[in-house]
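These notes open a run of structures that come right after.
Presented sequentially are two complexes of subunit A, the first with subunit B as partner and the second with subunit C.
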Partner chain A sequence: MATTRKTRGESLLLRYLVLGGWALVCLLPILWFLSVGFRPRTEVITPKPIYWPTFSLDAWHLLMSDWPIALYLRNSVIAVAGSVIIDLVLAIPAAFALARYDFRGREDIGFYILSTRMMAPAIVAVPIFFLFKTLGLLDSVWALMLIYAAINLSLVTWIIRSYMLDIPKELEDAARTDGAGDLTILREIIVPACLPGIITAAVIAAIFAINEFLFTLLIASTSDAYTMSVALANFTGGSDGIIYNAIALVSFIAFVPILILVILIQKHLSRGLTMGAVKG
Partner chain B sequence: MSRPDCSWATAKPYRSDPMGPDLSQVPAQGVAQAAPDRRGTLPRRRSPLLRKAFPYLLLAPAMVYLLAITLYPGLFAIYQSLFVVKFLTWTWTGFGNYSAILQDREFWAALGNTALIGAISLSLQTAIALALAYFAYRDPLIRGWRIVFLMPMLFMPSAVAFIWKLAFNDGRVISDLLGRLGLIEGNLDWLGSIWLARLTLIVADVWQWTPFLFIIFVAALQGQDQEIEEAARLDGASWPAIFWNVSLPMMRPVIVVAVTLRGIDITTMFTNVYVMTQGSPGGATETMSYFIYRQGFRMFNFGYASAASVLMLILTVVIAQTVVKRAFHSGKQ
Partner chain C sequence: MASIHLQNIEKKYGAFVGVQNMSLEIADEEFLVLLGPSGCGKTTTMRMIAGLEVPTDGQIVIGGEVVTDIDARDRDVAMVFQGYALYPNMSIYENIRFPLRMRGIPASEHDARIRRAADMVELGAYLDRKPGALSGGQRQRAALARAVVRQPQVFLMDEPLSNLDAKLRQSMRVQIKHMQRQLRVTTVYVTHDQIEAMTLADRIVIMNKGAIQQVGSPDEIYSDPANTFVAGFIGSPPMNLIDGVAQDGHFVAPGVSVACPAHVRGKVTLGVRPEDCSVGGESAQGMVYGVEPTGDVTYLTVLAGTKKIEVKAARAYRSDIDVPVGITFNPAHLYFFDDQGQRIRGAA
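Up next is the complex of A and B:
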């Protein structure tokens, strides 16, 4: 028994060393980047890095005066929220069919939906670019909305399907005995019962949409359609070089809402991220 | 899963169900939506044909949408890859683009880089995430602070790329820290050497995405049967032995799914390359995604870029049909 206690004691010390160390690895770059956001430009790129900078709101003033930050934020919100709504409208019936009906080709259709998630954005980048060019949708928020919806549709469908599979069949059967139609059952029973799954799917889809980079880079070319993610990369040109303190500030403006959303769905996060394959 | 159509013929109407007074309006709307084209017909009288088609009708909108953004671009890419595209003129070349690509050193380099950087990055983050998850999952203190471990993942990828670009290259922070530890002298030119440049991409990816695997592994460990582990412990097994022989085999399906998902994302790595290295030095950090982007949108060789896309698509389909299909089937068990 003595040996057991010894190994457990050792592992406890080791545990906090390892976890504490990694917590620092996670936090320090973020805190340092936060400090970059609140320092004057002259202290960002220096021969020797400055770890204790003077506090300054330079970047904030620059954002307020030069960069249409409100516009980028608005673009992000419209494109992301729109895409999530499209996803939910398309995915909820699809997930219902995959979870609750037995029909020919179900497995193949389900896997086809899943497999669209595997397609590298770069593969479809050129055709999508030409498609939106033909449709006259280049450089518009609507194009971004459509493309974000497409990227996340498989994810949303699979997450919701996974939660629908968990709903006991009896609940549905009872309503059916009372003569409820399929769509009524979907609306009155299935959707309320898998609401946590729907919210999880929506949040994860929103995060992926906010982060999307390649398509946004190709489709957006002016501030009409720039979102936060790509605006960052495009704030680098010009004679000023890369304005890191402003970039840092913008990235924290985008970080806070994502952090709040994730805290709200924390319990469901692992299940959502694996498209329902892991029950967290 | 049985067919849920056995009760269409039941006579008792739904709205007489005493589920609450506020429901009296709602089912009526539901019925109207169910059969908008046949007013007054209750859905339970729908024809057998409609009943059979019903799941397909539910799936149709999503399928049409997905086909539009996968099948159409796929066919377009195949078609365009048979032409040399210079601005608005398309010149037929047959398989010219393909034979050129297969002899293109840069294409093979991009493929190799994607595999190499991806493999190193993926194994590192899997190992780190497993170790962290094993230490963390039973600890109530850590559970409360779990969000700290997730933070890198919640940062916009383009912002993360800038963090590391500043830390490695422009701000020289990493060089300074390593210098203070006495490991190096002066500043390292992170873009000057093939492996240093690749290392910056790997560090950025590992930092941002280890949390993804971590949270999944923690959930998997928490979900498994604690009694088996406890039994092993009572038998006097050491914790590394328990981890290796008990926990790890039990969470294998989860590891497969999570690593597969992460692997897919790594092979499409683009943002970090675009912001941090632009493929330098000499293409040593150019990934497949960046190769296609550069050929298409920097050099305007759209036909060539499409041919590369088609080759990458074929590779993706092969991997999807083998590895991923199996991973998700095992994950469901």
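Up next is the complex of A and C:
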């Protein structure tokens, strides 16, 4: 028996091999566009396999000179950050009401809020287009901000609500007998207690907003309102045909903000996503 | 400091009656315990006093003021909860400070009052910690400090000790009682633990199914129970309740035969406490079912007919099981209850 048993070192090695393999699978696309992005254009389109890639900043220079990346990034940040703030301002009180107050139709309202997420976005695309046209909001970052906020509001509300449901009712009762009113309770007790949930919801909303494509394409018609996601799709390299190394580099740049976000809140995110399931 | 009057209060949840037509006077500075099994309405009653539940009917008066329609935050009542309910994001210092801030007490007074309250529960050294870094007993003491810090008119305590282990419960019990005597604040305390009720209370209110069964001092409740529910609920082990028939001054049940007052007739229940039973004699005959030495006393269980009778025996008493044994009931401490479970008193 003893001879077939693995030693501690062996099983640890196996574990790292499996995890390392999985990490490689996850990272491969990113490594791939990094590798493509920093190679000369000719080397990218050659049909022959290349074993020792040449390093080149051609694509980088092209982007810097020819493509208003700072503008697109700025548009993305304004629209996304603004939409997340709008979502939180609306969703936190809504979630509190849905989680804590007893009123007629509470479940129906909760379901209605969630159901706005169930519709295929294409169904409302045309009405939304005309709505924003009438409002004179076409091709504007502010319009994108509103759209993103609207798209994510239900999800954000629902996530925060589920966190609030996990907060013991006793905490609120204690605060009430201590002399706190509803708004104080929300601000001083509930929001700090479900902060991981709020952060989780905000990050998920931000990621959805950064990646939003359909409505952005609809609303943004010039680079005034282009965000990274639409700019990326529209980018082919200009008049010179499709420039794959530049596309790869742009993809990587679009990916960086999300990466930073996730790294920053990693601790909260993993705790946040499991907290609802198992009471801590 | 205030007295509390509950006048015919009632709480219904749809068709379910949580508390039915309850009236109670709680004197100023009194330590009153609401005792009963879970679901008996004791916590609901307390929550109505706190203002966290609105009574369906009736009136609540605290310190001469009708507070029935006043929100919890505007009643001068402090509450301690079973689950401590400390605010997890705040340090113990900020937790204790919270009610002072909410009640608009001048900031210059805060520090001194917080430290005094913390010292009272021996938590002075832990003020910088978050609740998560404290043990269960420390958390409950922090909750107590938060309740006493603003010197409310009334303390409400909802099973504050039930999350603690037995040893800690005993020391916290003494601490709570000491604090209540020191501060002289009217206190309502909810528990399902009869030992807590007996040791803490000036008066006990025993509740069952939303209604008061008996109100009295611990001594009265113990030695003069109003019905079988109270008799069976108080005492550890509880009173033996033996169903039988009484006729011509004699009570008979399988294995049991004792004299009873002449006015006790028909189907009745005999109640006798384990300490009023002694080994040897004729009141009951049965077999030894089990012997439990506890150190200072030995509990003997006797199977008489189909009924198990608990006897508090001498500490050195030992026996095998299934040995025939006789028991004597102290005739001065026999209780008789009618078929509705109500105590039969005096001559009919």
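Going forward, the second predicted complex is superposed on the first by the 229 of 280 C-alpha atoms of A that agree within 3 Å, B and C clash if a C-alpha of one lies under 4 Å from a C-alpha of the other, contacts with A are read in each partner's own complex, and residues count from 1 in each chain.
The working rule: a residue touches a chain if its C-beta (ideal position, glycine included) is under 8 Å from a C-beta of that chain, and two chains touch if they have at least 3 such contacts.
Predicted, not measured: the structure shown is a model, and the values here were computed from it.
Colleague: In the overlaid three-chain picture, which partner chain does A:26 touch, first (subunit B) or second (subunit C), both, or neither?
Modeller: first
Colleague: Answer with first, second, both or neither: which of subunit B and subunit C does A:41 touch in the superposed model?
Modeller: In the superposed model, A:41 contacts neither subunit B nor subunit C.
Colleague: In the overlay, answer first, second, both or neither for which of subunit B and subunit C A:179 touches.
Modeller: Both partners, subunit B and subunit C.
Colleague: May I ask you to name which of subunit B and subunit C touches more residues of subunit A?
Modeller: Partner with more touched residues of subunit A: B.
Colleague: Pick out the shared contact residues on subunit A: the ones touching subunit B in one complex and subunit C in the other.
Modeller: On subunit A, the residues that contact subunit B in one structure and subunit C in the other are 173, 175-181, 184, 188.
Colleague: Spell out the part of subunit A that touches subunit C in their complex, as residue ranges.
Modeller: 168, 170-171, 173-181, 184, 188-189, 192-193, 195
Colleague: Applying the document's contact rule, which stretches of subunit C touch subunit A when the two form their complex?
Modeller: It comes out as residues 47, 50-52, 71-75, 77-79, 81-83, 85-90, 98-99, 102-103, 146, 156.
Colleague: Could you pull out which subunit A residues touch subunit B in their complex?
Modeller: That would be residues 3-4, 7-8, 11, 14-15, 18-19, 22-23, 25-27, 29-30, 32-33, 36, 44-49, 89-91, 93-94, 96-98, 100-103, 106, 109, 111-131, 147, 149-150, 153-154, 157, 172-173, 175-184, 187-188, 207, 210-211, 213-214, 217-218, 228-230, 232-233, 242, 244, 247-248, 250-251, 254-255, 258-259, 262-263, 266, 269-271, 273-275, 277-280 of subunit A.
Colleague: Contact residues on subunit B for subunit A in the complex?
Modeller: The contact residues of subunit B facing subunit A are 1-4, 6-7, 10-14, 16-17, 23, 26-27, 30-31, 33-34, 42-44, 52, 54-56, 58-59, 61-63, 65-66, 68-70, 72-74, 76-77, 80, 128, 131-132, 135-136, 139, 142, 145-152, 154-159, 162-167, 170-173, 176, 207, 211-212, 215-216, 218-220, 222-223, 233, 236, 238-239, 254, 257-258, 261, 264, 267-268, 270-271, 274-275, 288-290, 292-293, 296-297, 302, 305-306, 309, 312-313, 316-317, 319-320, 324-325, 328, 331-332.
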